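Here's a structure for you.
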Amino acid sequence: MTSQTIPEARVRSAPDLGVLLTGAGALLLVGSALLPWAGYAGFPGKMTLSGYPGGARLYVLLLALPALALLRPLPGRAAALRAAANVELAVVALTVYFVAYAGGGFVNVGGGVYPAMIGAILYLVGSRRLPTSEAVAEGVALPDASWRFPVESLVVAGTAGLALWLFVIGLGMPSSSIASGSDLTLGPLSINDVANSGQFLAYVITIAGVALVAGRLGLLKSLTIMTGRHPKLFVAAGFIAAAAFPFTQNGSGESLSIAARIGVFAAAAVGLNIVVGLAGLLDLGYIAFFGVGAYFGALVSGSVTSVTGVHLPFALTIVLGGLVSGIFGLLLGAPTLRLRGDYLAIVTLGFGEIFRITVNNLDGSAGPSLTNGPNGVSNIPDLALGSFNFGANHTLFGIDLSFQSNYYWLELLLLAFVMTSFLRLSESRIGRAWVAIREDELAAAATGINTTRLKLLAFALGATLAGAAGTVNAHVVKVAAPDSFTFIESATLLAAIILGGMGTVPGALLGATVLYLLPEKLRFLHDLRLLVFGIALVLIMRFRPEGLVASKRRAREFHDHETDPAAEAVA
Amino acid sequence: MHPPRLVRIAAPLLIGALVLSACGSKKESGGSSGNKTLTIGVVAPLSGDLSAVGNGIKNSVDLAIKQANEKKTVKGYTLTMDAQDDTAKADVGATVAAKLVASSGVVGVVGPLNSSVAKSVAPVMAQADLVEISPSNSNVDLTGRGALVTGGTQVRPYKSYFRVVASDDIQGPFAAQFAVKTVMAKTIAIVHDKKAYGQGLAEAFAKEATKDGATVLKTETINPGDKDFSATITKLKAQKPDFLFYGGEYPEASLLTKQLKSAGLKIPLMGGDGVQSDEYTKIAGAAAEGDYATALGAPTDSLASAKQFVTDYAAAKYADPIGPYGAYAYDAANVIIAALAKSTASGSKSGQALRDDVTKAVQDANYDGITGKITFDQFGDTTVKVLTVYQVKSGKFVAAKTDTFK
Amino acid sequence: MSLLEVRDLRVAYGAIEAIKGISLDVEEGQVVTLIGTNGAGKTTTLRTLSGLLKPLAGEVTFDGKRLDSMKAHDIVKQGVAHSPEGRRIFPLMTVEENLELGAYSRKGGTTGEDVASVFTRFPRLEERRAQKAGTLSGGEQQMLAIGRALMSRPRMLMLDEPSMGLSPIMIQLIFETIAELKAAGTTILLVEQNASAALALADVGYVLETGRVVLSGPGKDLLKDDKVRKAYLGED
Amino acid sequence: MDVFFQQLVNAIVLGATYGLVALGYTMVYGIVQLINFAHGEIYMLGGFGALTTYLALPSGTPAGISLPLMLVGGIAVSVTAAVIMERFAYRPLRSAPRLAPLITAIGVSVFLQELVRNFYPHARSARNFPQLVNPDYQIRLGSNVQISAPQLLTVTVALVGMVTLSTFVRRSRTGRAMQATAQDPDTARLMGIDTDRIIVTAFVLGAALAALAGVSSGLQFGQVDFHMGFITGVKAFTAAVLGGIGNISGAVLGGFILGLVEVMATQYAPDPFSGGAWKDAWSFVVLIIVLVFRPTGLLGERVAARA
């Protein structure tokens, strides 16, 4: 779909050296993917089998496929092949390294490793010799025809599904030291840690590589054009795909539990994004609102440890939890919102701490009896909707579903609600006013915007969403305890939206996912996990200070700043 | 032309792979000896402020597993460990619990450290009937004992939850009886760290001490992580106590006793099993002299196996100290291992059937551990009511009194 | 060779090119003025000359030395003083401290003499020497800004909109001061919106429009130029 | 009354450390508007630097020699860490969006803690710090009011540090340049001030003072640990804001007020809201009340916020 007419002169009559080398490298790589890579059992992906491209060999095969572009000169193919070759070399090197390391030495690798290494080098060398003068790929929209809508819809829906499917595969990759038939340990790391982390890294690199190749060939731009034309379809497809996730888990709850936590974390991040991303109010105590909701939910859950003894229907609990939290937002905001920037940050930090200290103390001995103090409100019963018990495993369409899927779906609904609220708000008059306040409060006030009221509204709405998320989370983790609402939690939420890109929904989702999954997937590092996490935060900010998904607007602001901090000076 | 960044990274990696792994011996293909593998999970804080205590638990379980593999305690199986970091947070606990439940090889779990985390871990474990033994939780609600305190009937909330330490309502009163009846304390100051363990213990102590006739001053609290306790000490000093009970763990307790004594309030400090650690005497030095701490079971240093454990732990060169709960974790792991040996002896089982069997076997456990004999009642609590009071003498905790709690 | 030579200077804010190739010369002892509407690039030019902005391309030579790749604090040491738009005095420091900072680039040496000469030029400042600069009136702040720039004993003084926002009496006073400085032989690069006053004073004037020099010549000639009169002096 | 005066002494000792660490926050913030959350870790590194120095000295070195050397060692480690941090983590972000450095700071903070926890020998639990100044040596200030020698040392070190810094900033040429940079960085460059150097100087001075606090904390409590910087860092940051962030005297004042509030809340707050359980809540309540009435802190003078 990206084909354009290529000037006749560019199509060479005789294949040049670059094309030959690239092709040879790619063929070797394809061949190597069908040969065994490991001389011993136990490495994930059945690496001892031949004729079966399992495990990381699949990635090697996948990254060799762009060489098909050699057959027909496409715009951007040289750049695409170079990207593919770079990533291919990285994947091959990484996998060989891990296979050899986990096997206890290079002698234990399988025969496929050698052609793979030679192929990867040929592929790289060849791709660097390809002529570069070819046209840069542009995104292309489909011609306006009767078949455009169904085809585009399929592509859009497929993309959403594919993205989630890739995410699910990555999530499902084992990352802990669970044994799979080996008794070898290598120092502090078990052999499986090494093998699993090697495969996971190769997977992540491959996905990044495929995205790069697609970008160079103009496919991403085409996709953007298409999804931009059917945004609702894209979102709907995404949610349907996400909703189907539990059916792929064979009744296991592990990935669902992680996904559900990402969901609630993301929901809170999107809520915080209203306060920080849209209205520009730096809030370092946001987790307290989440906590208000969690405690409210716990206290009216009918738990035996709740002093109230009240058991409200869950639907009512969510609404009331949100409201109560929103009222707290108003109480906090009213006296403090005239503070500027970092002063507001410390006040919110203070409120967050006051909340934590208070719930830790309201136990009848250090204060009135309400929250059970440090013990928290525990034994929160499972939700039940009619005869449907959230705490039980179910079977649907003949597929076993662990009880975590019930909560996962609940979190998904919550996330959908929070995302919709955010999008509606950000596109409304109120949203634009918030952005105006964020950019220049004085100017906003001068144009007749009631800044105090709107800032208060942002605070209260953010708090309401957090409170609703909190009530849900209390039922998922079954306990509301003060430990869960520390400053670090607020900082992590803030980091999620800054890391993802402020003021955007995909940014908050991505940031929450990365910040949650990164430490989770770094577990194989054991003691060094947080160390690497700290370095990763610093590096991401160093190379993407505007966040992973910068809204177009913010990216522009950032680049203005790059050359001139005082942009007003154009006189 | 400069090579792009990826090449610059990948090329050395490739070369490194060849060089580093060129040495090494050829392994027979087909894998290892044919032993099947079973896994014991650990849930504890392995990072953050409590990581030293958490890692002490993890390492002790690791040691138990290694020794069991050497001795082939569970015939036909190799044991491995899957340690999960709960970061001392309830919500993380729920996730790692789900993770352990999901991996079919996991047949038992040691942990968690914190009672608050246990409250989100235990429901998930109970759902899968995966046995969980905590080396440190003492909160009364975890086994339904809270109802006893208020005069109700005890109902077990989590069917696969067990613990090898005494709950607060046993340890606290035991310590109080000793303080009032043996030390003859008249005016007792109570301080705790406002955490579930510390507060539960301190409150149980205060209740019993009052009942036994001592004057108990208004409870004071300190914050974990703080170092300067002088304000609290000044406040206490004005009320002239002759005894101090501290509910909490050794890092704060050791600082507290030091500052207590240098402020001129030279009264003994007493703590629970969270204080009864070599680290306490090491940090507090001379100030700890004469202080007390209670712990479950008969004195461990009188048992050869306990001494052996300390020696083996040191020999394994772990990065973290044993900590206050290492010995309990070691016992908890061994109870699970013994249950595994029993469950697998009758034939090869796996999956849920094995988990169910292991839970049953743990319920019926009768194991001679390094902290004493371990058996459980129908609620998952240890039936051992023998506790020991230790006193610091010449920089070491020495057993002062061993008794059965009544 | 001129004291300051600017050749084909180009400056951009992000993707927006604010200066699209400017060349100009300032001879020793001359007063040169840049005039133009808002957004023509006058202030940007000065900020680039003093190193606050990095040029995209072009050469800046001062007394034979290249300034375009030099950092702002080193450019001051070459003898280029810049009194910025909006005066930008240090509000929380006293008048005297502000002046002392003006001499920061001259490491060592006494400053008493220079302070005294600023006070002679602006007696109002002497009255307020111990007062926080933020409490001064706009005109006084402008005096302070000029005085502070003089403290570095510059070989070239760049003044950005010294008359902006001042009362007519103050404006007159400021222009008198510039005339005095000129008479004393100070080289001055002046950016002004008050084009008639600036051109009347200047030896050479440059007219800037959207980042380009559209007209240049002796100040007196420009003053008579029809286009200039129409566009900048508000005459029909 | 004795109790009151004793608590006053306790408050001054506590506040001295807060104030000393707060100075680093306030200086860096004043110049680059960055909340350097990793500053607490610089304080922690000071303690470990001094401990390392002590361990490197032959045993039996008299305290009169080892103590100054330990101070130097602690300062060296803190300053080095701060300079590296500024150069490689913060400087590249100088023109980045305002919140990006905040995340970097959190990352650096986690990194430094974990670095010490994983790679400093036996630092996973608290490490004993030599008690060169005997805590049992008490100086009587009244019939029943006393201060221990290490406490007195903490206060002395803090006061000397504060006075030296404030004299330096007010009187020295570099100090003037720091003030100028804080008020208007662009114009400061036009005066010939190398603002990059000034920023490094602010980090260096802040780190040196934090190291002093770290060493005196080690001496006072007889131990250092990898997470000691977190709580002190948050408190010191609060103190800096309370006094008016960017203002040097404000940081000191804020430190002492915070110490006073904590100590007095422990003793005198109305039941049941007294004692250690509530003291930090009182600190933040006082902070919020102060900011509601003085939005830029007690001594904050910057009326027109620049950020």
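As written, the chain order gives the labels A, B, C and D, with residue 1 at the start of each chain.
Simple rule for what comes next: a residue touches a chain if its C-beta (ideal position, glycine included) is under 8 Å from a C-beta of that chain, and two chains touch if they have at least 3 such contacts.
Nothing here was measured: the structure is a model prediction, and the numbers come from that model.
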item: A-D or B-D, whichever has more C-beta pairs in contact; value: A-D
item: Most distant chain from subunit D, judged by the mean position of its C-alpha atoms; value: C
item: Distance between the centres, which are taken as Cα means, of subunit D and subunit B, whole angstrom; value: 35
item: Distance between the centres, which are taken as Cα means, of subunit D and subunit C, whole angstrom; value: 43
item: Subunit B and subunit C, separation of their C-alpha mean positions in angstrom; value: 73
item: Contacts with two or more other chains, residues of subunit B listed in rising order; value: 47-48, 55, 194, 219, 221, 319
item: For subunit D, residues contacting two or more additional chains; value: 114, 117, 186, 275, 277, 280
item: Interface hub residues of subunit A, defined as touching at least two other chains; value: 360-361, 365-366, 527, 530, 562
item: Subunit D - residues contacting subunit C, complex; value: 173, 176-177, 179-180, 183-184, 186-195, 301-302
item: Touching residues on subunit B, where the partner in the complex is subunit A; value: 1, 4, 6-7, 9-11, 13-14, 16-18, 20-33, 35, 37, 39, 46-48, 55, 69, 78, 80-85, 88-91, 93-95, 98-99, 101-103, 105-106, 114-116, 119-120, 123-124, 127, 139, 141, 146, 157, 194-196, 199-200, 203, 219, 221, 319
item: Touch list for subunit D against partner subunit A, complex; value: 29, 33, 35, 89, 92-93, 95-97, 99-104, 106-115, 117-118, 186, 234, 237-238, 241, 245, 272-273, 275, 277-278, 280-281, 283-285, 287-288, 291-292, 295-297, 305, 307
item: Interfacial residue positions of subunit A with respect to subunit D in the complex; value: 276, 282, 335-336, 338-343, 345-347, 349-351, 353-354, 357-358, 360-361, 365-368, 487, 491, 494-495, 498-499, 502, 527-528, 530-531, 533-538, 541-542, 545-546, 554, 557-558, 561-562, 565-566
item: Touching residues (chain side subunit B, partner subunit D) in the complex; value: 47-49, 51-52, 55, 194, 218-223, 225-232, 234-235, 238, 251, 255, 258-259, 261-264, 279, 282-283, 285, 319-321, 323
